[in-house]
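Should a chain be cited, it is by its letter among A, B and C, assigned in written order, with residues numbered from 1 in that chain.
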Amino acid sequence: MFLQIIDILGTIAFAISGVLVALNKKLDPFGVFIIAFVTAVGGGTLRDVLIGQVPVFWMKNLTFMYVIAGATIFAVIFRNKLDKLRRSLFLFDTIGIGLYTVVGIEKGILADLHPIICIALGTMSACFGGVIRDILCNEIPVIFRKEIYATACIVGGIIFFMLEALTNLSTDILFLIVGLVVIAVRLAAVIFKISLPTLYKG
Amino acid sequence: MFLQIIDILGTIAFAISGVLVALNKKLDPFGVFIIAFVTAVGGGTLRDVLIGQVPVFWMKNLTFMYVIAGATIFAVIFRNKLDKLRRSLFLFDTIGIGLYTVVGIEKGILADLHPIICIALGTMSACFGGVIRDILCNEIPVIFRKEIYATACIVGGIIFFMLEALTNLSTDILFLIVGLVVIAVRLAAVIFKISLPTLYKG
Amino acid sequence: MFLQIIDILGTIAFAISGVLVALNKKLDPFGVFIIAFVTAVGGGTLRDVLIGQVPVFWMKNLTFMYVIAGATIFAVIFRNKLDKLRRSLFLFDTIGIGLYTVVGIEKGILADLHPIICIALGTMSACFGGVIRDILCNEIPVIFRKEIYATACIVGGIIFFMLEALTNLSTDILFLIVGLVVIAVRLAAVIFKISLPTLYKG
C-alpha cells in the first residue's frame, strides 16, 4: 500500500515532467499525453521488453494509464501554476527514481540475472523514460549531458548488493535503504551542485 | 482476401510516405528503403514486441518485405509524378490506418488485454510507424504536432468496444464498422480542416 | 576461441566509435558510456528483441559489459592519441561488422526464419548499433546517408544463402566466407571510394 502510493506519486511526477517538456515543444493534446506516458513508463517498458516480461507492466495494470491521464490533464490546466509546485514535483520525481530503481533491481533478481545487470535494469527503469521523452522531442537526452540522475541509481544498486553480501538484512529492508540512498544522492547532488567530473577542458 | 488487398494497399501507402520523407532528407538508397520499411511496419512491430508476439509479424510473412521493396522502387522512380497520385495515396493511407487499427485491436483482444489497452494497441499499430520514421529523420513526430490521425484511431477503438457491449453484432461486422469510422473521422478532419484544440494562445 | 577474440575486438571498435561521437557531443561520463554501450550492443539487442531471444544476449554474458567499460575508459583517456589508431580501429570495426553479420544470420537460421529475414537480422546486428547511437546523439543515422556499410552485410548474406544452396560447404566454412566477403566489400568501398548510386541530381 505504502509502496503503491509512492509508485503513483513517482508516476505523477514523471508524467508532469513529460507534459512540461511537451508543452515547451508546442505539441498538440495527443502528443502531450504520449510524451507524459512515455516519460512515466518508458524506462520500465524497455526493461520489461529486454528481459522478456511481456505484455509489459502497464498493459496488465491500468492504474498507470489512469494516473498518467489524470496527471496530464491536471498539468495542462494548471501549467502556469506548476512553478509553485516545483519543489513538490522535484521531491516526487526524486522519490520516484528511488522507487523505480528498486523495482528494476527486484525484477532483475527475479529473472535470475547478474547483480551488474540488475543495477543496469534499476537505472534503466528510473532513467530511460526521460531518455525516450527527449528523443521524441528531438533533444539529446538531458541525463547524458548534465544531471546526476543515473549515478544516484547506480550508487543505490551497488550498495544493495554490497549490503546483501555483507549483512543479514531482509530484502525489504535492503530495498528501503537503496531507495533512500538514491534519494539522498540525488538531493545532495542538487543541493550542493555536484555533477559528474567533466571530460572537457575550458 | 479482401482484407489482404487492403492491407497491401495500406502498406504501399505507408511505404511511399516513408520514401517521400526520406528523399526529402537526401538519404541514400539503403536509408530510403529502411525508412519506407519502418514507416510501414514500425507500429505493428512495436505492438508485437510490447505484447510478446515474437518473432514479429513481418518475419513470419514475407509479403510485407516484398510489397515495401516494390513500393520503394516505384516511388523512387516515379517520385516526380507522385504528386498526381496524392489523392490516391492519401486514400490508401487513410484506409491503411483504418485497417491497422482493427488489426491492433484484434491482437489485443487475442492477448486477453483490457479494452483500453486494445485501443492503445490499435492506435500504435496505425500511427507509430510514422513516429519512428520521423525520429529516424530527426524530426519531432508530425502526429504529435498537428494531424488528426491518432484521434481517428482512438475514436474508432472506443466505438468498437461500445458497440460490442451494447449490441449483438459479430466481431467481423464490428471491425468493418470501426475501420469505416476511422476512415470517416480522418477524411472529415482533413476535408473540414479540423484539428485538435490547441493548448496555446495567440 | 578465435571467434570470441574477433567478437571482443569488434565490440571494442564499436564502443570506441561510440565514445568518439559522444565526446564530440560533449556528453558527461555516464552519457559517454551509454553511447559506447548502445553502439556496441544496440544492433544485437534489437535483433534479440524482435525474434524473442530474451533476456537479450549481453544480460547473459557479462563479457560485453566489461569489454565496453574498459574500451570506454581507454578511449576517454587516450582520445587525443586515437588518431594514430584510426587504421586499426577501422580494421576492427570492419572485422566487427563481418562477424556481427554472421552472428545475426546464424541466430535467424536457429529461429527457423526465411533467408531474407536472416540477412536482415545479420545486417541489423552489424549496423543498428550505429543507428541508435546517432539517434541518441540527435543526428540522422550516418549509414542512411553516405557509408557503404549495410550494403556489405547484405551482399555477404546473399552470398551465404547462394553458396548454401549451390555447394556442400559446411556452415562454418560458409560463415568464414561471408565474414570475409563483408570485410572485403567494406574495404573495397572505402579504398576505391565507392558509394551507393545517388538518387539526387546536381
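Here, contacts are C-beta pairs under 8 Å (C-beta built on N, C-alpha and C of every residue); 3 or more make two chains touch, one makes a residue touch a chain.
Just so you know, these numbers come straight off a predicted model, no measurement behind them.
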Subject >> Category of the chain touch graph - line, ring, star, complete, other >> reply: complete
Subject >> Copies subunit A and subunit B touch via same or different residues, half shared test >> reply: different
Subject >> Inter-chain centre distance, subunit A versus subunit B - centres from mean C-alpha coordinates, in Å >> reply: 31
Subject >> Set of subunit A residues in contact with two or more other chains >> reply: 49, 52, 135, 138
Original post:
Okay, in this complex, where on subunit C does subunit A touch?
Top reply: 22-23, 25-32, 34-35, 45, 49, 52, 54-56, 59, 62, 65, 76, 135-138
Subject >> Contact set on subunit A toward subunit C in their complex >> reply: 49-52, 111, 113-114, 116-117, 120, 131, 135, 138-141, 143-146, 150-151, 195-200
